[in-house]
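So that you can tell them apart, the chains are marked A, B, C and D in the order they are listed, and the count of residues begins at 1 in each.
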Amino acid sequence: MTNFVPTPSVPAPDIVRCAYLELVVTDLAKSREFYVDLLGLHVTEEDENTIYLRSFEEFIHHNLVLRKGPVAAAAAFAYRVRTPEDVDAAEAYYKELGCRVERRKEGFTKGVGDSVRVEDPLGFPYEFFYEVEHVERLTQRYDLYSAGELVRLDHFNQVTPDVPRGRKYLEDLGFRVSEDIKDSDGVTYAAWMHRKQTVHDTALTGGNGPRLHHIAFSTHEKHNIIQICDKMGALRISDRIERGPGRHGVSNAFYLYILDPDGHRIEIYTQDYYTGDPDNPTVTWDVHDNQRRDWWGNPVVPSWYTEASLVLDLDGKPQPVIVREEKSEMAVTVGADGFSYTRKDDASGEPTAVEGFKLGAQV
Amino acid sequence: MTNFVPTPSVPAPDIVRCAYLELVVTDLAKSREFYVDLLGLHVTEEDENTIYLRSFEEFIHHNLVLRKGPVAAAAAFAYRVRTPEDVDAAEAYYKELGCRVERRKEGFTKGVGDSVRVEDPLGFPYEFFYEVEHVERLTQRYDLYSAGELVRLDHFNQVTPDVPRGRKYLEDLGFRVSEDIKDSDGVTYAAWMHRKQTVHDTALTGGNGPRLHHIAFSTHEKHNIIQICDKMGALRISDRIERGPGRHGVSNAFYLYILDPDGHRIEIYTQDYYTGDPDNPTVTWDVHDNQRRDWWGNPVVPSWYTEASLVLDLDGKPQPVIVREEKSEMAVTVGADGFSYTRKDDASGEPTAVEGFKLGAQV
Amino acid sequence: MTNFVPTPSVPAPDIVRCAYLELVVTDLAKSREFYVDLLGLHVTEEDENTIYLRSFEEFIHHNLVLRKGPVAAAAAFAYRVRTPEDVDAAEAYYKELGCRVERRKEGFTKGVGDSVRVEDPLGFPYEFFYEVEHVERLTQRYDLYSAGELVRLDHFNQVTPDVPRGRKYLEDLGFRVSEDIKDSDGVTYAAWMHRKQTVHDTALTGGNGPRLHHIAFSTHEKHNIIQICDKMGALRISDRIERGPGRHGVSNAFYLYILDPDGHRIEIYTQDYYTGDPDNPTVTWDVHDNQRRDWWGNPVVPSWYTEASLVLDLDGKPQPVIVREEKSEMAVTVGADGFSYTRKDDASGEPTAVEGFKLGAQV
Amino acid sequence: MTNFVPTPSVPAPDIVRCAYLELVVTDLAKSREFYVDLLGLHVTEEDENTIYLRSFEEFIHHNLVLRKGPVAAAAAFAYRVRTPEDVDAAEAYYKELGCRVERRKEGFTKGVGDSVRVEDPLGFPYEFFYEVEHVERLTQRYDLYSAGELVRLDHFNQVTPDVPRGRKYLEDLGFRVSEDIKDSDGVTYAAWMHRKQTVHDTALTGGNGPRLHHIAFSTHEKHNIIQICDKMGALRISDRIERGPGRHGVSNAFYLYILDPDGHRIEIYTQDYYTGDPDNPTVTWDVHDNQRRDWWGNPVVPSWYTEASLVLDLDGKPQPVIVREEKSEMAVTVGADGFSYTRKDDASGEPTAVEGFKLGAQV
């Protein structure tokens, strides 16, 4: 039985969007090679311990902070709020939740002002800020536009053992669910939740957590993503392409998952849809639908289900990972005991059913 | 020891390009749905037993003939030759080779005139023709242009047990090798051979044969191929997507393999390179190079190696399939006993080598 | 001296986005050919007098209503509001402004419920509604996806004589300015204003008005727009391509302007940028900057400046057109007495300056 | 009455394709900025007077030589021939034609061996060579692939006063006509001629000549060309975009014309069609067809018709320019006395005809 996070009596901060991730990396030079030389993110500022990066169309100081540290992990999931007062609101909100809260008027990273960081009820280090340094928005700097250009930060994806618990907590915080994956027993495997008018600012993936599943940047068009694959091939690091490219069922976006030198997972993502209407229809997928994760039925590699990055507490120590107790999406869909269908009517529901299965995907 | 096909004393016909494939299908209505409704090939003519199809930029009568029959198979691999006299040359050439040869002034299919069909030394039904009916070239009929439009026939791909034997025979016939896959023991696993100025008009894939591995049509751009996947997802036939989309190492083309209702394999292909210079460099790939078949290191599904279509003799009976005696590409590269690398220098050559392998691809 | 529209004391309705346009057309069959056969908009419903159309990713009943009538004109610019109560708010808001207001519980068009229509202070027929019928969102119906698919309604564009007056009125209504075009004398030529998180839901173009300048639909990628041009060429209606394709300076979107059978202007549009942050930087362009309207410096055809569609009052009669008194953008930038530059520093400001001008564009 | 070039009694050399252009530029640093920094051509070799450039998929030493000189001009149009003996054939062929011929065993440029250069009957400096240094073919070097990457040299375009005379001479030399533009009086305005299996290796444009109209490089996809425009906008050199982007009627290619610092015209070009069959249908366009030069009916700027680069004789002196005596395409199609139609049936043939004309293009 899920032990829900209580709804605070004070109003939630008005969150605008996911804004940046702070990532601890163990070898800053190698990470720079990956994020700057390979992916072409733009350096706003850097010193020997930290690199501040932004995407092509960003006007705030950074979307990604790479900080050198002993253990690869995510140190902060930062959201921008609508007004300076919303930082106060965030502080009050989490205090009422009984969370550990830290407020810094001067911010936790360069370029960002008054901020609050919390260890949230799911164990994630969340940050809320309004004040931020504006920098050159490169939108029309096509002289700097690479063939695989990353133009926006799109979303975070968090692994948590109890998805309904996390979902309720995030809905209280003002997020709205665009899509989810369930089964007929009522188990929820994942949920996609947004503040800005896209499919998500963050998603919850059921699994051992709290962990960072991935951070996603978007490109303008699909060929930009293909170029990133091609470039990784040319650099002979195709083994860092973990999954894709493909078309998601959930979100309808064209996607790619790649791994940075520490194993942090980066998604490259393009062309989901508008979700800004108050009654935007929520899409629920059957966990056994073979097209939910890849619209073309291509298999999800096991590592995508099992691997993720540690997250840090406010002292910079890794949060302990709690095991998911409910059924895992991998177990119910992959391998000999799993079950998936392409055409629902073809499927008998038994492992021997062959109609509607992806040919050649069995191992 | 390879038993080579002798080089005839008479000149080979001057082959222009691969021109059409005649395919026997068991359910014409289902095949029409696949090739016309799904893939959008254009019907030049049809009757209750046969459909003549062409691609968007084609001006000859057809690139694909679907003929209703009891056993799914390839009935003819037809090449266009440069002059009417080259049909005579083809007849003389194969007669000297001792092959069974049939000449029909009125052609074997509608729209095609004087032709010769042979059972070639590898067991394939080859056709050579010059005379052909010209039809409307749809090149600028953008009112008929679908999002996944197939604009040209690109190539055939044939499975044959002894690749060097087939290669020598095709080189005598005037084909030139653009790329091949070998190992350090001198085994050849596949070869790509062209007459027109692309990477191939046909390729030889080592395996049990003679069989048709696939026929390939090209699109203008990569997004056209992605649309075909998306459409198959929408039609809930994603289980007919066998492999891809991806970027080939060999040929550098962006590709997709799908299966028609009889299991005939169709490749959708775009953006290989110019090969028309007399000294066009031949590219040789190491069979253990994990990027040779997919530049991004994505795995080749086993069915792609093992499944293929029967081919017919001139009486319309399936040719017996002869087992390949040499090592198979699948055996040496897939699974526990196979070996592949991404970065050659990382690889110790032993099955335990982990550097440079595709993460998550092991099963 | 601008006679500003007063700010009402009651709160403005919370507008979500531009939602649909009602267009009067004189020949419904011809218009159907244009919007359905050529552009591929999807018919939700139709009868002998009216066609209700929606874009690929839309889930509300329609984005465009074509209604047969004697005079080609725009009958309503409809916005969706956040709650049913916002319709009340709209009614009160415009009543206080002294505008003519009509409320219909059953809506003004099929598929839409309780709505209010007004003759706004600029003379435009604005509609506000919340209740709307949900219909199938075609987002993943790639079996219906055409090569030039229109996936969303993006914005309206209105011609009005006094842009600062219109801007102040729309800002009061909750719109925020993303970009504008001015000159050093303080004249404003155009302004782009948004509620959803794109560059605009509507724009104000300085000129004789009130008139509809255009309605814009977006595509996923740039090639989709090129296909629409190609298809219009194939149909031999290239004379209905008025301007483009090109890259806008303002908005950074890739664009095309075409004309429907009545001369209503349609823009096809893709890839502007995110504007959802509260401090999204406003971009101001110099009217003499040759790249403001087309980033590549291609000339704007005169008709684009001078032609626009009439708008109707609530009785269905055309609103009288009031002449713009300030300088026109065309006059100050096109032809012998106009002035434009590509590189500001090159330009002497005199008509004889040749550096930085578009070669070949002089006529 | 055309004074045709006689057909030599000796066989023509077997030309494979257009291979490189030697261009004299007046400011090497500025030209380097244009071809290397802007367009991303790859430097094979360079010294203080000369830069040798190649496209992404090229394996011969260069496709473009930039040589510093006092007068901007084209110094050589170089074709590759099939065998070393074809250089002898070329020498004999032009000697019989009475042309000035120069043979250099060591070649005229670095990287190229035994070559013959001639002043051809039309006054152009043609070169023929077989021997050439192979260099790294960058086809899969996606780490070097820019967003606007030029992947192949596609063709030359030459201005000559008498197109039928030039056409007959080039047909004798083995070129085949893919398309041409004529009028009902039998005047030929332009012809496209190929050796490789594309629409052209060179084209003849009727006008004052001999002059170089342009050299064309191809990209993989249409968005690559759009990126070049976008980049020129970002660099504030949009005034060097002369015409386009657009879709050609002739050739069906997507195109762009830009001007280098000396005014040499470069076309960027993609997606014409296969012409390798012996009976490839020739397409003839009516000079009054408004879609022949731009499929979307966009106007051709006057400079595109009138401006072109000088060509040099074998002493490096500019060839005198001879005036075209026949009607000019510009005069018969542009401006008050010209005539064009979009739909042939609409056109009365009189200047007052308004149906089927491009709206907004009149000046």
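List of remarks:
Keep this in mind: a residue touches a chain if its C-beta (ideal position, glycine included) is under 8 Å from a C-beta of that chain, and two chains touch if they have at least 3 such contacts.
The structure displayed is predicted, hence computed values, not measured ones.
Ranked by separation of Cα centres from subunit C, the top chain is B. Residues touching across the subunit A and subunit B pair largely coincide in numbering: over half of the numbers involved belong to both copies.
Averaging Cα coordinates per chain places subunit A and subunit C 35 Å apart. For the pair subunit A and subunit B, the distance between C-alpha centroids works out to 41 Å. Taking each chain's centre as the average of its CA atoms, subunit B and subunit C sit 50 Å apart. Annotation for subunit B: residues touching 2 or more other chains are 140, 221-223, 230, 233, 249, 295.
Listing the residues of subunit C that touch subunit A in their complex gives 16-17, 57, 59-60, 80, 82-83, 134, 137, 139-140, 152, 196-197, 220-222, 249, 252, 271, 273-274, 276-281, 295.
Residue ranges of subunit B in contact with subunit A, taken from their complex: 221-223, 226, 229-230, 232-233, 236-243, 245, 247, 249, 254, 259, 290-291, 295-298, 301-304, 342-343, 356-361, 363. The touching residues of subunit B, counted against subunit C in their complex, run 140-147, 149, 221, 223, 227, 230-231, 233-235.
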